[in-house]
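These notes open a run of structures that come right after.
Both complexes below contain chain A, partnered by chain B and then by chain C.
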Partner chain A sequence: MLQNIQLVIDTAIADAYYMGKILYPENFKDIEPEKKINANHIPQTCGESENVSIFCDRVYWKAKTAMVMRSIDGKGISYSYAFEGSIDLSLDDVSICIAQGEMVAILGHNGSGKSTLVKHFDALLSLQKGSLKVAGLDANNTDRIWELRKKCGMVFQNPDNQFVSSIVDEDIAFGLENYDTPIEQIPSKVSEALALVGMSGFEKKSPHMLSGGQKQRIALASVLALEPEIIVFDESTAMLDPEGRKEVITTIRRLHDNEHKTIILISHYMEEAVFADRIYIMKNGRILAQGTPREILTDQVLLAEARLLPPLPVRIYYDLQKAGIILRHCPLTEEELVEELCRLN
Partner chain B sequence: MPVELDQVSYTYAPGTVFEAAALDRVTVSIEDGEFVGIMGHTGCGKSTMIQLIAGLLVPSSGKVLLDGCDINDGGYRRGELRKRVGIVFQYPEYQLFESTVEKDVAFGLKHLALNSAEVRSRVAWALETVGLNYGEICRESSLGLSGGEKRKVAIAGVLAMKPQILILDEPIAGLDPVARDSFMQLLDRLHNGGTTIIIVSHNADILGDFTRRILVLNKGSLVMDGAVKDVFSDVAQMEALNLDVSRPRKIAHLLGQRGVAIPQDIVRYEELLTALTHLKKSGGLP
Partner chain C sequence: MNRMPIGQYIPGDSLIHHLDARVKLIAFILLISTIILTDSVPGYCSLMVLTAGLLFVSKVKLKTALGFIQSLFLFLMVIFVMNTLFFDSAQPICSWWIFHISLGGMAQGANVVLRVIFLMIFSSVLMATTAPMEAAFALKSLLRPLQYIRIPTEDLAIMISVAVQFIPVLMEETEMIRKAQTARGAKFESARLREKAASVMPLVIPIFLGAFRRADELSLAMEARGYRGGKNRTQNKQKPLRKQDILALLTAAAVCFIQAYAF
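The block that comes next holds the complex of A and B.
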């Protein structure tokens, strides 16, 4: 059996699974590879790997979240802007758990509570009810608020109001000075941060002269310079043109893949959530569902309940199905859709 | 009342170190009742162009004409312009500053000599139109809303004026997918009722679904102006300008490259779906 699993799950995931199972058996009791994966499920061609890959994804994050290193660990968080105990809750008993190095997308209708939730992560809002640990720090502990903010950086929507200085390197240095970085370390930290976002050489430019995508990457560099464990992007691509959007998304993915940052991405563009490890769906201040992109984004009923729309390839898949045309797998991206269409027979 | 730009150029802060030429000899005419999209990458001059149309900036050279009259002429009645041309800015939430949502939406109506019942019904209509519940939200503070909700309130404030020409700068950024769609349906209804609509957006799907004509700006010049189908026909050129075509168009393009005989003038979702079903029936898909 072990052999079969390793045929389809790469070694790292399998290791994580077994370690997780030994350490945290209760988290793994609903996952039984021995039952779900047998010789029939082993993909003959890559096209048949879908069930297996959904399964692997699930094992993977279960293992990861089980394995202690949690960047975000929130339980029973409720919040009201009006006053404590009000019935008008912007967050209503939200529990969320994000493993270190995970990339999680949060989707939800306008006013569903996404920004309210993530504002708890860097203590822009203080906890009214429930418990929250961010990078191991208790969000309730006001003595360590600056330490927490250093661990958890945020990039917002509007590229034009995130700057304090009219020179790029000063802007990044400003944040470092605020956190008492020894003065001699500042220049090297600034240039490292700029390199990470692909903006080396822009040190002496004015942020106002840059394109939207470049501005957002500078805002991101200011956050990165503090070497955070977690970076939250609250609709950071909403105002950008296609090029800027691509620049920012590519940068985010690189930080996830290479720098192993924990990424939390809020977006109204379902396509941007496709590349996340996991998706949370919010509705009216509650978590409605969570799962892999494939599980969540192909679930029409769930998305309708959340007042969201599936990505275009998923819509096409179901609409073609209605017209009697069956694609073998539900595609998530345009490229996958084109592949599926070309493979029809 | 048609809008005409005649050889309009605009330079910010001329003669200073911050001098920036934003628009370069743009000539274009938009007829009554048109639904026009404006595309172009950041900094190409879209916001500058619509502020010129709304009379908020004065051209460095050239003329902006409304109904044949130069709006920057000394004798032009500016009050008329304010009543007839409504503009929703790129960050409309910065237009909010009153203590309640109701007052914010009613703000522009002060100048229209309406009685209080009329004001209330316009405010209610505008809020319901953008998908907010008047009764629930009117007494709330605008500042205590989510990003998307603020944007809706700001848009309602402009709609309440019932302008004949409605100009919107990136209005759907920050709206959730359903709100985005119902907002565009709303613009479509206003358009069917005779309102001229000019919308700046990076969202090619939305422009493809709703507008009839697209203007493309590049570095301050008007480089394309035509029916949506025509503007989206040259995928390579749009890519060179760093712009998207609608996704149905892109998928048709990708299929075409794979040798599938699918029409290359597909712009909208329904067109793609019909073409795919048709292809399958006629054996055109492999």
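The block that comes next holds the complex of A and C.
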């Protein structure tokens, strides 16, 4: 069985490499596939299907970022709020690469620089050091900032501070008007955006009358109306009740699965990061680690270093381990936990 | 937060909702002048009838229109009492030190309070029947002459319209902070002036900080959605005034005229 898996991986790498090299020679300069990603890298102990799946995920991502267009491609980004060149850095040599259609979670303690980083993606902060490409556009190019902001939408934390109008349809139209959309196209675009977040028929409602989850979905619709490629959520669920949080996360996942949007999710809830394709961990303005949710969220040492708490199922797994009850796999979601627990007897 | 804040647009289908926003703004200004020109009992009676008619036609509930008064009650009381006590009249009912209670003062106080109430009712009706961006657009076109002295009227219009919407949010926040500080022992109800003055600071500072934070976030959100000042935006085509708009405007002018001369 092991051999079979190796064969599959080898073939996948080879395919990805050759296709990628032909299609995007540019992107391949800094990737040495056969040496870096090699089936030999599978740990010898890898009878565990878990490790293989982690490995496959990683290979898949490497192949994907090599082959597919990159939504975000940042290298050596440093930023200081004090003044350019100050040593008081809020971002310190951050490199981040996100493939089109990926869902990436950025985790980190308060003040670790998450918001500062994503504000660069939307050109809300200008680049001080390093290079950044967003949806193929250079973030340094001030002439094309408006194009860039259209490609990359952003939903913020406080739902009450994002509305420019007290009627839903006017608020959604605001973004469209900023891009000089012909007036006759606006109503249809507004209702399309509302349909995407599952709130058709709310055109004439006042955002103030809606629940927190609904408000955030309206804010999301306002962003979606511009048909962005990338959507950044900067702690958009932080102020919501569990019900509203679920609503918003479900909507985000649907956009990722069905509309193939690139999603960047900043959150303090580990439970939300579980659904991401990949996770970046930040600490003191630096990227501490990067990997699949299974790699990152089950790594107690890493999370402790980043001053984060693992998701509840993972904590239970380790607590049980301490008590002498060994589960076969470390569960990430509640469903997995239940499954593992059932398997015990 | 889930109740309708005061001063909000309430989507509807009434005659007033469908009027051109420019007409509504001009009519509003005319009605305010009417209020200021009124100072007799029959004048106020006719204003009352006018208000009733306006509420009926616009289908705005009396409760909505009076929403402001609830939060301004104390303010109105103070105006009335101040006028009553300090109005310098020839024949006071009773006099003590610098206080002169007089019929003239009471009338003066009632006058001011009634004007504020009518003003609030008319603004409520205007805000309840005019969508914010429509209002911004109307404001822009009415302010257009200012363009010639290089005032950015488009930005100004959007600014005003957005700011107006944050009034209820800020009012709510003020109430919340007041409660929070009371819970921590601030004495807003203290009779002693010194304590009262000292208690204002813990109220004012968080409100200002909160407002600045909100403004900051809102401006980021607006920029992220591509706002770059009034230029380059979709230009709403200036619709010509329709028959009912002109009719409404004439009515408002007539009301203002009659009110000013008859009473």
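Convention: the second predicted complex is superposed on the first by the 294 of 345 C-alpha atoms of A that agree within 3 Å, B and C clash if a C-alpha of one lies under 4 Å from a C-alpha of the other, contacts with A are read in each partner's own complex, and residues count from 1 in each chain.
One rule holds in what follows: a residue touches a chain if its C-beta (ideal position, glycine included) is under 8 Å from a C-beta of that chain, and two chains touch if they have at least 3 such contacts.
If you're wondering where the values come from, they're calculated on a predicted model, not measured in any experiment.
On the shared subunit chain A, the superposed partners chain B and chain C overlap sterically.
After overlaying the two complexes on the shared chain, residue contacts for A:132 are found with neither chain B nor chain C. When the two complexes are overlaid on their common chain A, residue A:167 makes contact with chain C while staying clear of chain B.
By the touch criterion defined above, A:211 lies against chain B and chain C together after alignment on the C-alpha atoms of chain A. By the touch criterion defined above, A:158 reaches both chain B and chain C.
Applying the stated contact rule after C-alpha superposition, one finds that A:276 touches neither chain B nor chain C. When both complexes are overlaid on chain A, the residue A:268 reaches chain B alone and has no touch with chain C.
In the superposed model, A:117 makes contact with neither chain B nor chain C. Shared-chain residue A:179: touches chain C; no touch with chain B.
In the superposed model, A:94 makes contact with neither chain B nor chain C.
Within the three-chain overlay, chain C meets chain B in a clash at only one of the listed stretches 111-119, 183-191 or 219-227, and that stretch is 183-191. Residues common to the contacts of chain A with chain B and with chain C across the two structures: 157-158, 211. By the touch criterion stated above, chain A contacts chain B in their complex at residues 81, 108-111, 115, 157-158, 211-213, 235, 238-245, 268, 270, 307-309, 312, 315-316, 319-320, 323, 325, 334-335, 337-338, 341-345.
Put simply, chain C touches chain A in their complex at residues 1-5, 8-11, 131-134, 158, 161-162, 165, 168-169, 214, 217-218, 220-228, 232-234, 236-237.
Listing the residues of chain B that touch chain A in their complex gives 40-43, 90-91, 144-149, 152, 170, 173-181, 202, 205, 242-244, 247-248, 250-251, 254-255, 258, 260, 269, 272-273, 276-277, 280, 285-286.
Residues 119, 122, 124, 146, 149-150, 153-154, 156-158, 160-167, 170, 173-183, 186, 204-206, 208-211, 219, 222-223, 226 of chain A are the ones that touch chain C when the two sit in their complex.
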